[in-house]
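Presented below is the structure to which this report refers.
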Amino acid sequence: MVEMMTAAVKLRSAPKSTEVRSVPIPSIGPSEALVRVKVASICGTDLHIYDWDAWSQARIHTPLIQGHEMAGVVERAGEDVTTVAAGDRVSFEGHIACGRCYECRTGQAHVCRNLRIMGIDRDGAFADYVSVPAQNLVRNDAGLPLEVATIQDPLGNAVHTVMNANVPGKTIAIFGLGPIGLMAVAVAKALSAARIIGVEKGNEFRKELAKRLGANEVLESDGSTVETVLGLTDGDGVHEALEFSGAPPALAQAVKVVRSGGGVHLLGLFNGPVSVDLTNDVILRGVTLHGITGRRMFRTWYEMQGILKSGNVDLTPLITHRFPLPDYAQAIEVVRSRACGKVVLEVEEA
Amino acid sequence: MVEMMTAAVKLRSAPKSTEVRSVPIPSIGPSEALVRVKVASICGTDLHIYDWDAWSQARIHTPLIQGHEMAGVVERAGEDVTTVAAGDRVSFEGHIACGRCYECRTGQAHVCRNLRIMGIDRDGAFADYVSVPAQNLVRNDAGLPLEVATIQDPLGNAVHTVMNANVPGKTIAIFGLGPIGLMAVAVAKALSAARIIGVEKGNEFRKELAKRLGANEVLESDGSTVETVLGLTDGDGVHEALEFSGAPPALAQAVKVVRSGGGVHLLGLFNGPVSVDLTNDVILRGVTLHGITGRRMFRTWYEMQGILKSGNVDLTPLITHRFPLPDYAQAIEVVRSRACGKVVLEVEEA
Amino acid sequence: MVEMMTAAVKLRSAPKSTEVRSVPIPSIGPSEALVRVKVASICGTDLHIYDWDAWSQARIHTPLIQGHEMAGVVERAGEDVTTVAAGDRVSFEGHIACGRCYECRTGQAHVCRNLRIMGIDRDGAFADYVSVPAQNLVRNDAGLPLEVATIQDPLGNAVHTVMNANVPGKTIAIFGLGPIGLMAVAVAKALSAARIIGVEKGNEFRKELAKRLGANEVLESDGSTVETVLGLTDGDGVHEALEFSGAPPALAQAVKVVRSGGGVHLLGLFNGPVSVDLTNDVILRGVTLHGITGRRMFRTWYEMQGILKSGNVDLTPLITHRFPLPDYAQAIEVVRSRACGKVVLEVEEA
Amino acid sequence: MVEMMTAAVKLRSAPKSTEVRSVPIPSIGPSEALVRVKVASICGTDLHIYDWDAWSQARIHTPLIQGHEMAGVVERAGEDVTTVAAGDRVSFEGHIACGRCYECRTGQAHVCRNLRIMGIDRDGAFADYVSVPAQNLVRNDAGLPLEVATIQDPLGNAVHTVMNANVPGKTIAIFGLGPIGLMAVAVAKALSAARIIGVEKGNEFRKELAKRLGANEVLESDGSTVETVLGLTDGDGVHEALEFSGAPPALAQAVKVVRSGGGVHLLGLFNGPVSVDLTNDVILRGVTLHGITGRRMFRTWYEMQGILKSGNVDLTPLITHRFPLPDYAQAIEVVRSRACGKVVLEVEEA
């Protein structure tokens, strides 16, 4: 007899075809664990899949249970699993690396050439239970609130970017104050960046959040942004620029406000090729453009959990909405509105 | 007619021969500036010179005005000086690098082979005025309290060490809770170290200070230290160990409590050669021992001033005693007692 | 009575207005040295100035003696100079850094914000004598041939780029086989790059030179370049790509042939903004784009002179043409033809 | 029916109790491969086990087939193995990492806290066949001679150390000219170290080999070594020192001949604690002591194979003796004599 669970299932190759319904609890292989989901959270990618954009059409096979951000408890571990056991509090790294390619064999599994992603290439966490490769599971401290535990995947993006920029004592600019940009503000503040200048276009809700999370100034992105940042920094510019918006004007601003010899750290995805004045903004000024993706496995997770443990980061203001799993459609509309921080699904109550 | 000033002068090659007296205000060369001292502070080295230990006898030429920690205001700049002007608030880097050797020419001026030190190799800051090479002057923010500005030289030692250990999110052990070790606690806390374990021998005053400045645990250094640290870290040990005590037992503990692949960062000076089990504690575990000295010129100063600007570091509890310059002998006995944090000389009132 | 010398002087704000004529030997300041030029060499920039392109019109003040690549002997040193003396064999770093800005104070003088350049912003080396700030002089080993000594400025560009790419044991692609690209081939070969793939457009002369200097394969840059490089590397791509061409198609190829997690090192200057598919080629693959300019002062010089001393680099094939200084116009036409390696001016014989 | 093979088996807890005899061909698990050994080579560790020293008595369980250096061909792969197949030319990384500890999860598997070693903690390669975890197998190029392929384990030690010292263009000292020190000479030469100074005690055979492999000078280790090295380097000292001898006097010399700001890279194992003047030689001069062990998994292997592919390293002179497997006892006496480079066992002919 198959045991059943509730899940939000993307049913068909079409927009909005996601329904909360009863499906079988997944089986697990010998190197996997079955995890009971307590809370999950919604990523911008989930909205893309919900809306069935071009990328989703090319990548996703339906039916699919979405969701790659969650916190839960191990229900059962496969026979070869030695690293977790039933009852362990866990979240998971959403990127499943092959472990065999050059990148994996040299400590760069986050750019594994055979990468598969939870909730995209296999069923994810918007469900009562999820099957996860044991190597992807990360144990959570008992003291870590579930609502913070579930957002470790995007927080890991922010930590990866902020650590790459080595911010202590530096003046930095953060472009794009969506959830990951906001997390970067909070993390950079916790790491004693000298001054944090946020840049966002049009979203006053998020600008306010940025200030609460530690930004010293928050600017509107427009034709005067470069001049304003230079003015705020005595004409010096910032030591490092962090780009989370994926907006071409932000990139153009980022390479112009960064000091010579500094770095621009790019995590936001652009919709197409972007034009850059490499000669004057990058080459002659010895600037470095860093492509950042995912989380260093698992260095970023250890760093993130350590930073959380320091007590210097309070992400509470960032979690602005909570919905039970059956209200998934409503939750995703809040994400679409951008008048939010992180939107959390309270699965266990579902 | 020579203008006179008050100064604490080490008069003779003998212990305690320091007198506060009237001496001529120093002249300056074309690349130097005359700085009016507002406050100064006392380093352990000043006690060594006061006591005329073996090192002092070999290095110091009397008469000498000691003092390499201070905050003041530029009174007059030499004709070739373009970087500061009369009225600028300043402190100075105490190490005068030659600018011509391999180390200086490759960004390692802190280990310049022709290093000269303010207050040791030429007259220093325990006086109303001090002559300083302009390249050594660092401007202070108007908002920086004088008592913090004066301790930037030792704070820079702490920042150099903590930045070298890249502490965000890491569990660290700090051996030796004298003033620089205490500063390292505060800086590591401000940079979101996951957990800070202080280790000190016998000095309850400083152990209490360490807790106030951010240490999660403070241990007595004894035969059980290694076991205790391993116990506190689930047997894992710490990611990085920072050594400020100069005590051989602390080194032995440091190399044993650090994780494989981690680093031991050595700033404290040992009185003689030290025995280390390199094979088992260092080589087979891939541990690195970093010799740390001075401050990276001037990277550490920029980092330090940026960290102070973040507002995450409060050094107020560290400054425990204040004396007018004429009470120099009394002040130095407080330093000797070790029942203190930093001891500050209020020069301008003198 | 003023002593005279022969020099190639750019006379007016107009193309080709360079004449070899008799001018006064320059005077020197207290921190400068007068250097007798033995050989000099021509950079692509000299051709731009000769042709009086838009950049030259905006930057250059005539009359000007061009030339920033040379080898010579110190004739006389200013009174404050302690690092060189009459008779010393020297070349010079062409970038004059201010020594006072943030970049200079943190070991990044190659991106000094007040940079001035020999032969561009003040008189250079296409003359019997040149006045040089002493801090820019680098001593040459007695055994270093003058023809190699003179090309250390562009060789330093190549060494800076190759060292930044950390090539030992790596498969690399080098785009643009002009003189600096060819030097990069030779240096990468000397540093045991596993495999060196050169890419050049249309210039068979330089392709042949690249093979002689150590390239394992040399490809024509065209629509099949990416596919060919991937084919040569079992579909893996190269570890690092070095870009010296300044041609937009080369950049597009470079970011596609580099492995995930690898670096693209950009020294060639593009004539305008360039379009890059940052999302797919850089961000999602964790690639880094490094802007490289000048030479690290003076780390690159020490590295370069050490690499030359190893005896592993033979640059003889690269020096293809020699002219006496009076034949400057003829020499510059050879540079224009691109059917050459480096073109050397034998000044002393002039 | 069990198939049999020839193997050199350490039989008992006693010196020299190794016999070449017929034993069963090992079985393999699902993640392992059976490898047919073509050639193997003898490490100093094999001599320690043969002689049954204190370390061996504490670590080794008999009976044991020794040997962790070899080149062979995959005979059969376990059912879960996807990375190699029958017929593949392979060598193996001798260190078996757990893959689950902090070190393994952060790219530092070479210091895995649960490390097991081939030929020490499980049967090794001095046999016709060896069972190897598939993750430890590394494929060899068809063009790589078997005699070079077998010594990749110690060559990897040398490459790890030399790459850690970043030698291109630097003057280096190499202490201890046993096989790994000699390999380091050859690799450093191939990476264009400016100058290589070898230091060895009493072994003229190895000094001669060092010169053939690329050392510019080879010194006898004695009371004048420090002075001689300083004399050879104009009093500057070397940029980096590499220590392979495990002899305390070599360490004392290494920390004194290295420049301020340089590194001492320690791979040789000392028999007990060593005394170091940390204050004067390390801390005040900003020197770093790097504990080096094993090979970075698998970065060092990729680097090594790339360096070999460059064609710049010729290790032929290093392989001085060859024996058929049955002459194991004779081969090990040659290793003991130290009048040799690497000693190879030709297993397949056995």
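Letters A, B, C and D name the chains as they come in the text, with residue numbers starting at 1 for each one.
Here is the rule we use: a residue touches a chain if its C-beta (ideal position, glycine included) is under 8 Å from a C-beta of that chain, and two chains touch if they have at least 3 such contacts.
Values in this document were obtained by computation on a predicted structure and should not be read as measured data.
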A-B compared against A-C, more contacting pairs: A-C
Over-half contact-pair match to C-D, picked out of the listed pairs B-C, A-B or A-D: A-B
Intercentroid distance (Cα basis), chain C paired with chain A, Å: 43
Chain A and chain B: spacing of chain centres that average the CA atoms, whole Å: 40
Multi-partner residues of chain D (at least 2 other chains): 102, 106, 302
Chain C to chain D touching residues, read off their complex: 159, 163, 166, 168-171, 189-195, 302-307, 309-310, 312-313
Chain A-touching residues of chain C, taken from the complex the two chains share: 102-103, 106, 108, 110-111, 113, 236, 246, 251, 259-261, 266-279, 282-294
Residues of chain B that touch chain C when the two form their complex: 82-83, 99-100, 102, 105-107, 135, 297-299, 302
